[in-house]
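First chain written, first letter: the chains are A, B, C and D, and each begins at residue 1.
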């Protein structure tokens, strides 16, 4: 039984610091590295790749919309060929830093509004997959486990890509297998023990209990954890420990996919 | 006898158009492609690589300072590690578009203020060479023929890089082997026949006559031509023709370096 | 009988040139000046205000989304308070250049996707009006004549703003009083004589013939003309002349609103 | 006896947080508000003006170079007319937010590399003064007390501007009346009691002891304090208290200049 823990990293920009990358990295196995569009800058990328190398974790590109002011969290109506070009560009930038330090790039996980919109929007998903496949078809492409997983897997496979599906142990799920909106009360679960137990059940049984008490089968390959909230280090560390102590091997997705 | 003709390409940005890329490309052999910092955007890069492929010319990265408003022509006092990261990032971005279209990246030529400053500033030159070498040491690194060529070649070789030296047939040279400042009258030569003859002498004999009438040995591997001025297409076309008709083979630098 | 002719101006950015401002300005009466978000930069704004002063035409702010790469033409899902802040900022910037040259700012007309979205989206329209009113409630606020004019006028008036309504003589109108999508054939009318006659009828009778032959009452205060297309100068000049020769006084909207 | 305490505020950008504005504001009298070029964004500016209003402190524009990635701390070789336009633009943007909340703008203090370079560079200082005077000649213009104060005052007065001179209680001064470079040991004084006593002497006697023990007459109108370092709130609070308890009235510069 194996699972990956992925976390967004390298979101600082110039003098602007975000996240606790150095403290969180020892507890995760895959870092999604911001590529300069919604966050991150070349100096930050270089340092984040170096930190990942030091912590012997895998790295992936975390491309977003060109919206630094909105941190890539706002929908932008871009043409598919624009999205393909933006994603290609950002993956390439990360690959250069990885090459410079002798590290492979393991995966690509879109960020924020681009990620959310793509799960539900086939042409957008295709635009992203086209970029990933054109740069390097051996990159693992990360998408949301649950409702749209099957449809998106078909799209990715049409481009020759292998997908990894992720789940969010600290987020409430609707009975439809979708993340509950952050605007609703209870959508983010904060108790470390509860989150760790959800992570364990996700990893071991592939299941999560939805907001109405029903059970969802989501079978994730990787669990997304957060590194920029108060208590993040404690939470991530506890998730990792609970998984390890209960027979789940926490390793980069590239080791088993 | 062989020479390369290089020209800046892909300098448009979104709705902002610069240059006559499609008309100029058939007459050059190496395109220096802007990488999104001083000019260019991902969509423009994708199209420029496609155009280069169609015209069967070689491509190179043309990294600049992060100064879109100043077109990378203004000096910025960046730390060497910032410059290394900026150049790494931009080369990586171009390599992704090249990979997507099955084209190799042939060379790297810094842009504008970064180029000019680096010729005279050893730590800056080292910062750029460090980036190029770390991403791909087989990339040809383009610098100015003349005064600082020997010093810069030593720096590049210390990083395992092969340099190409360029000359400017439409620019006046001081007796020291430096380009005369654009602020001085006569620094830009506009008569096509004169420019073509200078190009021919540069290519065949490796020589150029300086502003005081003295003769300089500059032995260029590549001649830089411009694609964004009135009459650019005529001028570039005439240079190419004059070279070809006089026994100089016009081919990408990668074919003979 | 009076009408204003408004045109987007000052859309260049650094070395990137857009439009034929100097040639078009003598033929229009109100310049919508880009404010640095979707186009324009501080140097361009300064020059555009100076050009407008020289041509004795009125100026207005032309605020857009923070999307230089997309020229403000892509929808961005911004929160109302973000839009209010963006518009406030951009109006303020223009007011400073106007103050420096002793010119009043006459009007505000949002740009591109912000303009289009706001016509149909009351909260967005309110967010923009809130900004305009908070900076200077004497600024005329420009919106689309036709379908949504009444609703939008009510919103503007609730903020104490006076609106000007504009029509597009070179664009086809649907029977609902909406501009036909540019994606459809015939949506942009190119024959100068036809466009000039439409402008005349808009100005004199307040009417335009829709795509189905029906007649729409739109009663515009200002006609929007374009300065960045081939033939723009000829077209704008002919519109102005046709209006003048047929008893319509072409003057800035501030002179009669 | 009166003195002003000024501090940089509103340096956050989108999701990127910098500084402890809310905790520091109650202890200062003048806020230098970032205007979106080196830091700050429209939403942050709106909030910062609101915070200043709530705390009844004065506000000023804090314009910088267009270098968000470098936080405006890197020298950029801009033409004087570029600098004039950049400063005009940024002051205008702040004035709009101030107008919207019924607050006057009290002063202008350039940021970072622009500030430092301008103290020693007369054409640059003139370019900035030209902008300030053109927008509103009643704005107080803040410069460095000490070595270049007299020369800069002459420049400002030629533009009809009144200057305020500032000193840095937590920075070491060379015998020439210049701030010791941050690269040298001891250049930043961290002991709150020492800093507070230096502030008191600066305010009461107009003097500071230089690194060689000599006494400098600098006669500042305002003391610059920092709000983004660990212990900032304690330090600023202690400076304010020490001044107040020793007969120095801490009020905005506009109240006595």
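A few comments on the model shown:
Rule of thumb we're sticking to: a contact is a pair of C-beta atoms (placed from the backbone, for glycine too) under 8 Å apart; a residue touches a chain by one contact, two chains touch by 3 or more.
Computed from a predicted model, the values in this text were never measured in an experiment.
Chains touching both chain C and chain D: A, B.
Chain pairs B-D and A-B differ in how many C-beta pairs they share in contact, with the greater number at A-B. Distance between chain A and chain B, defined via averaged C-alpha coordinates, is recorded as 39 Å.
Here the CA centre of chain B is 43 Å from the CA centre of chain D. Residue numbers of chain B whose C-beta contacts span two or more other chains: 41, 69-70, 82.
By the touch criterion given at the top, residues 66-67, 69-70, 74-78, 82, 113 of chain B touch chain D in their complex.
Remark: chain A residues 36, 41-43, 45-46, 81-82, 84-86, 88-97, 99-101, 131, 134-136 touch chain B in the complex.
Taken in their complex, chain B has these residues touching chain C: 12-18, 39, 41, 68-71, 73.
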